[in-house]
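Notes to accompany the following structure.
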Amino acid sequence: MFFASDNAGPAHPSVMQALADANTGYALPYGSEQAMEDLRRDIRALFEAPQAAVYLVATGTAANVLALATLADPWSAIFCAPMAHIREDECGAPEFFTGGAQLTPIASPEGKIDPQALRQEIVRKASFGVRGPQPGPVSITNVTETGTVYTAQETAAICAVAKEFDLPVYLDGARFANAVAATQSAPADLTWKAGVDALSFGGTKNGLLGVECVVFFDPAKAHEFELRRKRGAHLFSKHRYLSAQMQAYLKGDLWLELASRANAAGAYLAKGMQEAGATFAYAPEANMIFAKWPREAHLRLQKAGAVYLPSDGEIGAGDPADMLEARLVCDWSSRREDTDRFLEILAQ
Amino acid sequence: MFFASDNAGPAHPSVMQALADANTGYALPYGSEQAMEDLRRDIRALFEAPQAAVYLVATGTAANVLALATLADPWSAIFCAPMAHIREDECGAPEFFTGGAQLTPIASPEGKIDPQALRQEIVRKASFGVRGPQPGPVSITNVTETGTVYTAQETAAICAVAKEFDLPVYLDGARFANAVAATQSAPADLTWKAGVDALSFGGTKNGLLGVECVVFFDPAKAHEFELRRKRGAHLFSKHRYLSAQMQAYLKGDLWLELASRANAAGAYLAKGMQEAGATFAYAPEANMIFAKWPREAHLRLQKAGAVYLPSDGEIGAGDPADMLEARLVCDWSSRREDTDRFLEILAQ
Amino acid sequence: MFFASDNAGPAHPSVMQALADANTGYALPYGSEQAMEDLRRDIRALFEAPQAAVYLVATGTAANVLALATLADPWSAIFCAPMAHIREDECGAPEFFTGGAQLTPIASPEGKIDPQALRQEIVRKASFGVRGPQPGPVSITNVTETGTVYTAQETAAICAVAKEFDLPVYLDGARFANAVAATQSAPADLTWKAGVDALSFGGTKNGLLGVECVVFFDPAKAHEFELRRKRGAHLFSKHRYLSAQMQAYLKGDLWLELASRANAAGAYLAKGMQEAGATFAYAPEANMIFAKWPREAHLRLQKAGAVYLPSDGEIGAGDPADMLEARLVCDWSSRREDTDRFLEILAQ
Amino acid sequence: MFFASDNAGPAHPSVMQALADANTGYALPYGSEQAMEDLRRDIRALFEAPQAAVYLVATGTAANVLALATLADPWSAIFCAPMAHIREDECGAPEFFTGGAQLTPIASPEGKIDPQALRQEIVRKASFGVRGPQPGPVSITNVTETGTVYTAQETAAICAVAKEFDLPVYLDGARFANAVAATQSAPADLTWKAGVDALSFGGTKNGLLGVECVVFFDPAKAHEFELRRKRGAHLFSKHRYLSAQMQAYLKGDLWLELASRANAAGAYLAKGMQEAGATFAYAPEANMIFAKWPREAHLRLQKAGAVYLPSDGEIGAGDPADMLEARLVCDWSSRREDTDRFLEILAQ
């Protein structure tokens, strides 16, 4: 009964096989291997973006901050949701890699940036002239940190505001596969066709050992990204082990199959929780659930070995009937029997 | 009728005289001059802090960011009011000098940080562990950016929260003289006795050409500040022209006299505006006023040559009766006849 | 006939097996997995350092710059060989991660820092007082960038100079295993017993897919390193795949066996080249050779498919008898038959 | 007998008068004052550069590092003389402001960069591709740190190398006035006509209280400089006191008159020292002298109150006949009688 995070599950067997297959003889280092050339072609095809610049890094934070640093200036304000991973969970990595950009929170009901609030804050920041941080990139996350999903239309509404002020848009796609699975939209529709300039296409939370793909739809800044990646110590010499993982991820749309599994597991869990009386803080639209249920049920579940993240860190003592919030995440390897057992204990 | 800013007024004649007096022969550079030694003694006496480390820089932003960088780590969250000068008006200088600290806004009714909101956010940030920015310095501004003034007691309440988590407190004192004049408190009571670890004691807005004094009550980090000042290109070779200004400022409590004049001018203006029907966005407690009055009076005043800052940048066309906000600031050199004329036009 | 780099060879089969073994079910992320706990114990035993702080990262540059940033201040001068990897091959990553330290070259005959030259430069730098960069860490590389090896005694001589000025010493050990194999010294003798404060213990060039171990013998700065690693985007969520590799590396002293193989291959190649008339720019003491031989033989070798790095980038046209320098590196997977063929063509 | 530095002398009386004249009523802040507009025009005329962007800052280091940061990327190598002020005397400010550029020393006999050595190092750095710091700005200093002077032709030779690789050239002109006086060349000939892209035109060492002018001949990066200046805390609110100084400096070519005085004082001192048997480390071509003379004469001079900088920090005990080096600098206010007395004691 493990629902703590989708970054704690195993890699898919076909990914492990791809690693083994790649482990023969010498290979040119630093992304010069043939596999990377092939992969670049495949990513471009997947995103219907024949000019795109395509890179691999090994952590989601690396993808976010190297891309944002390429899109931002040191004096930029980067607009994001208050609960954005880049603002709350990366120990200031965006500030470090950008050289000091200011992460500026925008009102984000349901975890999604409100376009009107975004517009107001851009106008306000711009009013300071040279005295203040300068309006810079807009960063959205899809699937959001609250488990909701931006549709292509919602993404386009935010991008339209950014474009009005000639600002770039970055998409933190650590769970982009889950967003595609949830919306049934084409990757291009959720990204460049809506106005997104660059994204991370995550694999680590969805069946890889640790690879994220960074895509710039406009390759103009590709060389700068390469310098930043090297300078950030994120260019792998034995790069073949990254490209092999991502190739396996693309092959036969494994990425979509695994994300669909995770979403289905999430939906099954959410449905069962709702039936058991839990209430949701946000609409559970993908594989992540923020829900409230009574303390007594929390204690039962934890005693039975369920692993998940209470929003306040831990389930302390108090009224057994108190409704306490927690986060639960399913991944591709979530097992139905674990979920059933979880629901059974919850419902007792 | 100039009310745009207290950074636009002239230097006081006795400051000019001090500059002239200092301009004789050779003087040791970089703060080694005798005048700096004397000044250090006088600042320590003024603040009743015999161990304090005392430095001079030439801009308010330099004082803020060099001090904050000394108190913070690159991975710190710096807690401040949403409208803090360091967050809105310094083009990201704090982020630059700290190496990427995150300026974290705290609810601040009347421009003053709410201690409970501060406490909650510190606890929340700390809950992220190594994943998030680490709780760091608390930065307050007195006189605040909204023209209100922290009392010694209010300052102590904020410092108490910070101390609970072993966090340092910085005071942006660009208008500290005005705060002293407004509260009639001793400098020590508004600072280290309340729990403040370091402050800037501003002179530029109050009769100097451009000097701010940075005071660390605990000298442990003095050497680091010296390195940061040099590395920030803020160590003056002909430092005697800074120390001469600050000496003149202290002599006979000129700083307090000038701030009292500015506050009195502000109070006179505020009283007149109130009588003329203006309403205040914040209580005008020192030399800065945020007020609303009808568009038609704005247009009359501007036509007559009054200079001040409308909050929306400019007074556009529209209903003559619309109440539009503006900021007005008095300084030591504000003339009663200008204020009277302003009030007369306002009241027409 | 691949001698371009030891970062282009395959991973050892037992490392691949360890990855597969680690790929079961859920594991706590971010280094909280049990394997990391075990590994920490094993590294401490290997280095006879029961208090050491032990971390894993995925690239050699990450190990170098995160460790150096922890040891240095932003205003430090970091003393290193002119040809140090950190100075020439990391795109300024050390400057980036330290916040702007100055890499200061010290005369290094045979690729090894000269202790007297080091001492002189430290004294000189210190003479500038607050005006100049402050003397900071000394960084050595063992195996050096020229293929020579510091003995324990030579290491101690450098550390003694550093300690005289209370400066920390870092050891870039991307090829530390080869240095141990070459010197037959204990890891402790080549490091903390000689005065080294922290090192990277490299695996990527010696049979792993991509893991380097960072060891601080004094754990006082361990927490700072953890923050820097996270902030540098180098903390892996699925950390188990790093610890599994390093565990396999330690098991049965695989690291030493592989390095010994690489060194033996290097020695065999060097001996053959010498017999064929090549001359060495530096004494080839481990698995890396800098040698000169006639252009005509270069052309023959390249035509036959030999891969290695000419020091001037390429073998251009010119006098067939010109002696041109190149770098050759052997790794654990170098095959005797390739080397024999290389030597045969060279000797024709 | 003060020869320690030209940054220790007084400001010229007409500069003090200009400050007094500027001290009337309110003035728009931040460089919006009319005087700055006038000054911009005058600087453009002086440099025959009608498009130039013109800014004022208050320290020489600020001018250097803000300009270099505008010309460089964080991953740049900045080529300079080993003894360049930016490398040795600014506590790492260039590394800080550029975000981590690498100051790369080039062989510089007589303190002047050797164009061939520069060319070789650029080629070598470029050979590393994405792995190494990227070739960036070339920075020269005129008058050099050794007291020699680049002619227009020598400047052009260096710029030609830079332009071959499309690299910008910066001129640290803390003593540019002295270089103009020494070469009798037009400012344009020593700068943009030779290929210089930006320079600092120093005033602080030559009769001002503390103002340096930064000139970009191509205004394309002017806005970026403005952001960097604000973000560096170097934008003065009461900017009028900077522009007033620089206006006085330009009026009637005061800058050239004062520099000519300083150079003449230096030449007179050098001639006398040579006659007294001192030997020069470098040709004294402006107002700065590096000379050797016997310890006994050093001791005599110091006893008599002469102030200057021994190259080893102090004149210790030892053989009275030892030839010990020292630096002496004259400024506009150097008095003939002091020099005569110095020479008299030296010659005893």
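The first chain written gets the first letter, and so on, giving A, B, C and D; residue counts start at 1 in each chain.
As a convention for this text, contacts are C-beta pairs under 8 Å (C-beta built on N, C-alpha and C of every residue); 3 or more make two chains touch, one makes a residue touch a chain.
All values derive from a computational prediction rather than experimental measurement.
K.L.:
If you tally contacting C-beta pairs, which comes out ahead, B-C or B-D? Let me know.
P.N.:
Per the contact counts, B-D leads.
K.L.:
Which chain has its C-alpha centre farthest away from the C-alpha centre of chain A?
P.N.:
Relative to chain A, the chain whose C-alpha centre sits farthest away is D.
K.L.:
Whole-Å distance, chain B centre to chain C centre, using C-alpha means?
P.N.:
Computed value for the inter-centroid distance: 51 Å.
K.L.:
Taking each chain's centre as its mean C-alpha position, how far apart are chain B and chain D in Å?
P.N.:
From the centre of chain B to the centre of chain D is 34 Å.
K.L.:
At least two partner chains per residue is the criterion; list those residues in chain B.
P.N.:
74-75, 90-92, 96, 99, 130-131, 134, 227, 230-231, 235
K.L.:
Using the touch definition up top, name the residues of chain D that touch chain B in the complex.
P.N.:
2, 4-5, 7-11, 16, 19-20, 23-29, 57-62, 64-66, 90-93, 96-97, 204-205, 209-210, 227, 230-238, 241, 307, 333
K.L.:
Which residues of chain C touch chain B in their complex?
P.N.:
73-75, 99, 130-131, 134, 226-228, 230-231, 235
K.L.:
Quick check on the complex: what are the chain C residues that touch chain D?
P.N.:
Within the complex, chain C touches chain D at residues 74-76, 87-92, 95-96, 98-103, 105, 127-128, 130-134, 313.
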